[in-house]
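The following pair of complexes shares a single chain, chain A, combined with chain B in the former and chain C in the latter.
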Partner chain A sequence: MDVTVDVVGEDTHELTVDAETTYADLVRETGWSPQEVTVLVDGTPVPEDQRVTVDHVTILRLIKGGSQRA
Partner chain B sequence: MECDKCGRDAVMNAAYSGAHLCETHFCRSIEKRVRRRIREDSLIPRDATPEDPERWVIGLSGGKDSVVLTQILDETFGNDPRIEMLALTIHEGIEGYRDKSVDACVELSESLDIRHELVTYEDEIGVKMDDVAESDPMNMAPCAYCGVFRRDLLERYADEFGASKLLTGHNLDDEAQTAMMNFLEGDVKQVAKHFDASLGSFDDRNEQSEFIPRAKPLRDIPEKEVALYAHLRDLPAHITECPHASEAYRGEIQKLLWKLEENHPGTRHSILAGYEELSKLAADQYRGAGEVTLNECEECGSKTSGTRCRKCKLVDAIHAV
Partner chain C sequence: MFSLSADQRRWLFERAEHGAPREVCGVLGGYWSGNDATVTTLISVSNTAAEPRIRYELEPQAQLRAIESIEEQRELIGFYHSHPCGPAEPSETDKRLATWPDVVYVIVSLEPTQTVTAWDWDGHEFSKRNVSII
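Up next, the complex of A and B:
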């Protein structure tokens, strides 16, 4: 199955997945870590250990690294 | 995938615990962990009363961590007459970046009706980080100047506002990174200091009379979960990288820990659990050893081991350019 992956504020990827591919796999494919993003399907976050069953997902970056806190 | 608790659609999974939770139960789980940490760290002294309340100053940057901390503290203790809270925001003089996060701070404190104080590097020490990053008289990373200035102003204003404690939004990732950095630098004395300064339960700490004690109620929560909580509750958090961010080593450790967490879920929790235990042992060993007497800086009155504090020396160097 072909999946369109929009990374909010970044780029869009067209990926081919098989029946075993999880959302976490999809995130890794686009070069991000599942630790720094959430995956949205129809605007709602989904657990990343689920298998991909839709042809359009959005990746929302939750963490922008590098800033120092007091 | 269904929520473990109620069967509704799960919005997240935590590989370290195996949990799948829906929005409601995920948010509840976050709030529960923060309240448990506050209880275990004995943040509320037994002798706090409505007549003699505990005063918490919350370091509110407008980023997701401090916004989530402020929201949960207000919801948990906003009506508790034993506790007074105020939010303190520091503007470093970073155009665009900090202006937007100050807007988030103002929006949040207005919605919660919590007292909010804003202090700026420009008014307090006569510098803006945009200019410091440009001139860089000491040939250091911008974060090295900024950290000194921020700590100085947080401490000074927490003191001025009569804080019993200074609460910050450090999360599990922040603390696991700091633990790893202290390990890898072999800095056991720093590990020991960390315990009394901000890590230990207030039952076990030796109070350091020179400084306002700090606490980090979000330190059990992975950074991603803090951010997801802010997103799900639509809190006014500002998520952008500081344009001067340059902490290369911390960034390297952050990525290393993400990788370890992927392959061995629970690594961050176990690093921090072990680190807390070690820091207590180290504190017992090193307390009082080689401690220097602190003086008041001749320029600004801040605590320093010499005659002039680090902040004043940096400010002098900046103004000399």
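Up next, the complex of A and C:
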């Protein structure tokens, strides 16, 4: 299945996935780590260990940090 | 240069004071002129970090809505967050977790004095921008 992956503020990727591909796999294909981003389908976050079942996905880089180490 | 109005700076301090001791955060929009950024829009976004007194994380859906709202008429400038107890510079945690090059990271510090600083992230290090109050 072909999937369009929009990385907000970056490029759009056209990827081909199989039935076992997860959203975390898609994230890694775009060069990001699943810990650095959230994956949204139609504006709603999806579990990254879930298999890809749609043809359009949005990847949003998380904005986080803090004044001190936890 | 990073430019914002006195009212916008006051808004940031008020948000930071109201949220203290928790860190507050949000999205900044405006326009770029070459490498100079001017703020026209500030959108507060919920901090969903597990330890909001020392960490911040923009709530993803609200972050996306804010960016999309800004980009309807303006450009994404960057993101702000507060350091209620200072410092007015990126922490090691900020450096470790930064993910967006080519935007401005703004820090609103309340201690020891109220200060707004602006920083560029190149993927490895933060570098300071001059802040102009317009």
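The rule is short, and it goes like this: the second predicted complex is superposed on the first by the 62 of 70 C-alpha atoms of A that agree within 3 Å, B and C clash if a C-alpha of one lies under 4 Å from a C-alpha of the other, contacts with A are read in each partner's own complex, and residues count from 1 in each chain.
Rule of thumb we're sticking to: contacts are C-beta pairs under 8 Å (C-beta built on N, C-alpha and C of every residue); 3 or more make two chains touch, one makes a residue touch a chain.
The structure presented is a predicted model; accordingly, all values stated were derived computationally and were not measured.
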>> Taking the superposition on A as described, I'd like to know which of chain B and chain C A:Pro47 touches: first, second, both or neither.
In response: first
>> Looking at A:Gly31 after the superposition, I want to know if it touches chain B, chain C, both of them or none. Which is it: first, second, both, neither?
In response: neither
>> For A:Thr58 in the superposed arrangement: first (chain B), second (chain C), both or neither?
In response: second
> So which positions on chain A get touched by both chain B and chain C?
Replying inline: 36-38, 44-45, 60-70
> For the complex, which residues does chain C have touching chain A?
Replying inline: 23, 25, 49, 51, 54-58, 60-61, 63-65, 67, 76, 79, 81, 83-87, 90-100, 103
> Any idea which chain A residues touch chain B in the complex?
Replying inline: 33-38, 44-50, 60-70
> Which residues, counting only chain B, touch chain A once they are in their complex?
Replying inline: 1, 9-13, 15, 20, 59, 61, 63-65, 90, 143, 146-147, 150-151, 154, 168-170, 174, 222-224, 227-228, 231-232, 239-242, 245-247, 250-251, 254-255, 258-259, 261-262
> Mind pulling up the chain A residues that touch chain C in the complex?
Replying inline: 8-9, 32, 36-38, 40, 43-45, 58, 60-70
